[in-house]
């Protein structure tokens, strides 16, 4: 929904004040792309409690900015993310311990809230690209799996680590990975906790491209995000929304849904512009949404 | 359902009269395989309005022919299909424009009708093989994804083009591709509109085989179709039907469905014949259905 | 559920008495892993009628043994499994034939019962690894697809054979393969009955690893199973259960399910132990379940 | 979709030529309501083979008439419908009998085609009201259950008759009745084949109103249909479509669907007109769709 | 599936040896109906641990008897069932208590096993009628809801008691009641634990008939069961199976399922016999299944 | 989740500052029940734009108060709610109007946000009772349908009004009513916009009780809410959560879900307390959650 100028300014102000666990930047004011960096490089970007409220907050603010037509989720330092911080994990279990039932109720609420933080990447209406170097472990895989497109450098490796921490992964990997890499691969990775190289990740479909170095990755991702930001917003957002909805529906339901969606969304000047630009062999100039 | 001789003759007659956008041929009267060719090579087989009524009509006629035990969907000229014709796309939006609601209602009806044309490939009870050379773009991908098996030549390339035309793909790619190439690959292709080579398509599972040339492709596809046509119809049609149903159900529901299906369909002389032929090491000779 | 000592002894006794079509062994009493071997090597381990009651019986007995923390499904002789025995297949159809309806009812009941035998691998709460060499054909593919992880040697090959026997596969391949290798590959294999090599199986995700020889396979599988058996049971069983449930649900439902599951299962001493062991850089020592 | 004048004329012509088993009339040219009468009163409107092609054909023709803004499904003579004609039922089973599998395949196709005829009432975009007097038995219940609203006279009675004909009802009662009268009532009626009076039908929710006589019923239904025809088409058709879709979805999916639907359909001049008429306390005058 | 004479005799023998918590009787050898009585009248038929293994065992034995074409679930004494025995409830929670996670795992297994006992009524292929007098409380409602048809005497009353025992009902009421009495009524009963009279139960659809006394109830139920037993088995079992499957599916899926089911099951001599009997105005004589 | 004292105080403060469209009161500090009153009696409590943000805000605040163990949604003045305010309805459609696609996107976002406000009643973890007098029209029905239990006085009447406003209801009635009153009744009410009296509403299951006057209603609702507040929170919240989840799932899935839920939640001291109180024939004293 179009935000008022007031809302936009307020969002920009709050983003400017910054976060503990994240850094949100628009690298180039001419390019409507924002980067969200995990910025606890010294701790290999282990996910702490504040992260799980800061990420959805940042996304909520970015969702009102017309200048955020595509996002990049990236990480400072040599590693993307080493997973949930052990202290954060421990703090999930209530203490001093009430009755097991009360403890379970508390715990369930906390897990749902962590899940919601991760899923906010998927619910962000514009595309989110993950740029992955080094370790992508445990909660890092959950994060990556909730992004729309994943690129990595060749030093990246992936570990669905949770079973080695004596728990069943509960932040989305067990739900999203089977759709991305197939059920057999997902079971293998989740049960064995084995390390998957960048190349194997590419072969499985876990990442779409592998770059020879972190800097090449950065360049590749920036170019991808810029390209996405230049496309018709109504088309990009519609495609993301319809893909997500269709992932969880029968094919026939998905077809009906996209017909209903497009019954309104096709009446866009972008379509005329795209056809005109195509015929005139020029770059189209799409409206903002 | 078994058609009467009268129906069969009527269907053959109508097929003989031909179509504007399609060519339907049985290459060899001894081989119960039909080819449907997109025959607007000069326009790279762009899909026009008549195509969307001719394709389901042709399939409806072929469904009554006992001599059509397998189909090939192929294309004349160097390219399989460049997608929906821009004029056809424009004609979807009603003009002169009634109220937005009335326009949306009209548009929704038209999209549903185009979708039904594509889905008629999937609903055809016998197997349909796509033979793809050159460009397979936009609506071409929708067509290919609705076939059962896809073979291509090494000059083929695939582009989910719709976002670059400022629209969300609404003819099935967003629903069917995730099942075929995985969700991550589908998002990547649909958002970036990037070009996928024959080899990458093979690695993703988008095509089952790549041939070194269009003529090798033709030969390979003809052999595949002939092979399918020689198999037991009750088995081939049952397998296609059960796979489609199971794609949209839980595993347990699919198991119950196939048990119910086979409770009748196993009582077929084909089964006896298959076992006998196997033991006698000869080619089985299956009944027609 | 924890079994009493009495139940455990009874199960061990019955396992010791053995089976016609299976051999169940714990290779090393110090390693809590059991192997189930198909032991009709002379018949290429074709699946006979007794097999379909012995397999679920064996799994039911193993489910009460604390020393069975992981299973291997393997086969004696050069081939994993040549599929359902033709005699067994024939015996499915009732004879002398009652009315078609009564025959269908009988047949449906028998198919459901065969399916249940295969699905008992999936329902076994602890992980099951398939070790595949030589032919894995027809019912062999159904068996393999119901295991959690599949490894093979490079001489292995896979054929979804049923259409060539004039029937639609009804023991799970048409339901499980699309999740494992993608829908396009599954249609291709099921309709063409073509032979898939070990390498292609790996590329498709049908197997997770290929070993250069049957003996290397054996070693690799034993190591895998031992590794799984050493992990936290509550984590491994939870992960298997949640993956299976989530395979058949929307992503959001799966997230809620795992949050509810973990609300109880996270309150495990294994979690503390895992964290402690991680910090102390030692091997964790998990409780039995 | 708006039909051209040509299409409208052709439809009117074909309707005028009439049907064997149906009578289609617009009672009053000033009232945009059509009645479809089952017109085999002498046979208590037993459903014959031609009926199952004539009903969908009539609905298909009516769907292009702007003057058919609501339909009534009614019956000539003292009884609504005594169910499927025994001859028609017998003709379902193929004869001379091919193999059981081929017979089953034929039979399945025929049942699907009968079902499609019944479901065409539900798929008709504008509202269909059933007017029921006397017997509503077997296939008559299937017909009634596929209409949107059911009114009856107090001599009406309902019997889900199929089990007494030694078959499981396969034209929709087992699927639609549980939604209408609850699962317990549906099981009771379907297993016992007991006769349900008009009053009990009202208490169960099977009919919405009971009238003291067939003529009062006629008047009541005509008034209802006229009222529906005067309402905003975009609202009525949208409500029918969304109710049907939501019946088969989770609540959350239904909410998303109606939001997407209304995103286009709310942009209708009818809404302005309704509000204006409401404020000016006059009857609204809605656009045609 | 047709059982051998040997199986039948073994089942009869085991039934004759009897149960602790149940009494299984065929009242009249000429009438193929069995009664299962809860026989702990002194304890108001509170459900103890043995009950949950005896009920599924009894049903399993009855399923092989050709003389059990319909069942009645009834109770000795003035009350149908006062719910789960408090001792049984307490024994669910493991003691001495292992870790919360291990306890939860045990508990979950035990609940699933109790649920399976209740659901065995629903899974029994032939119809099961509940005859309810006096108290039907807690677990008694779970039992009744899993039967196909419920009759009661006017002294019967129903209480969804679990919330007053400080737990969420977990034996099926929360899943089955909304289908039977509507969601609003189900929430009301489950949250308030209020007492529902026989008359209100009838109005809600919870029971199909109310009788003026327990003896009238007995007579009414016996007549109903006898009537069901005389109908065509293939029709009755098919109807029960299709209703159950359709309860959990979309309408369109249910239609496809019943078409597939009937493609085999319509080829029954019962159908011919029903039509012949109907024409000859005599009682049909159906084959056994 | 248990809130800190700080959070509780902050919530109490914000509630004390009050709302424009709502009045939130705890009538008796000794009774842990809150009432939310629609307080625009002069406008028949028509729903304005602020209402849709104030309702979820109020619920969010109440969710942290331990003293809010049950809620009542009621209304000041003679009418419960006359539906969405026409000005609010008009403001939904964007103006000045951007392109139809952009307008549709805005509109869809706004509808989703209104829906979320209504659904917050359903998502509130503790029970919410609606107390309805006078008119309950349009949006009023949406509100009532999202509550857990509905009571009304005998002057209450219900109208699903949206079609008369030329729109398809999009705030939940079309999704929730079929579950509550059956599909046939829901279609009838939604298409005809007819007025339903309190008595008919009771017969349909739309309300659970009808009181002879608004003051009797108030007393009845207060007693109900007090009763709910005294029950075990873990049981009440679990029952509400499981009912909601099961409404949207197959019966088998719901059974597995509640088993998993109870595996943790049964380990509650409330259960012991309930049993003890039952045996000692005293009122139980449950822990807070």
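Just so it is clear, A, B, C, D, E and F label the chains in written order, and each chain counts residues from 1 on its own.
Basically, a contact is a pair of C-beta atoms (placed from the backbone, for glycine too) under 8 Å apart; a residue touches a chain by one contact, two chains touch by 3 or more.
None of these values were measured; they are calculated from a predicted model.
Any chain that touches subunit A and also touches subunit E is listed here: B, C, D, F. The set of chains in contact with subunit A as well as subunit D comprises B, C, E, F.
The interface holding more C-beta pairs in contact, when D-E is weighed against C-E, is D-E. Over half of the residue numbers at the subunit B-subunit E interface are used by both copies of the sequence. Once the centre of each chain is set as its mean CA position, subunit A and subunit B turn out to be 34 Å apart.
Work out the mean CA point of subunit B and of subunit D, and you get 34 Å between them. Shown for subunit F are the residues that touch two or more other chains, namely 100, 103-105, 108, 176, 179, 181-182, 203, 234, 247, 256, 260-261, 263-268, 270. Subunit E makes touch with subunit B in their complex at residues 245, 249, 253, 256-257, 260-261, 263-264, 267. Those residues of subunit C whose C-beta lies close enough to touch subunit B in the complex are 86, 89-90, 92-93, 100, 103-105, 107-108, 111-112, 115, 119, 162-170, 172, 174-176, 178-179, 181-188, 190-193, 203-204, 247-248. The part of subunit F that touches subunit B in the complex is made up of residues 100, 103-104. Within the complex formed with subunit F, the subunit A residues making contact are 1-2, 94, 99-102, 104-106, 108-110, 234, 237, 264-270, 287, 289.
Every residue of subunit C that touches subunit A in the complex is listed here, in rising order: 127, 148-150, 176, 179-182, 203, 205-208, 224, 227-228, 231-232, 234-236, 238-243, 246-247, 250-252, 254-256, 258-268, 270-271, 273-275, 278-279, 284, 286.
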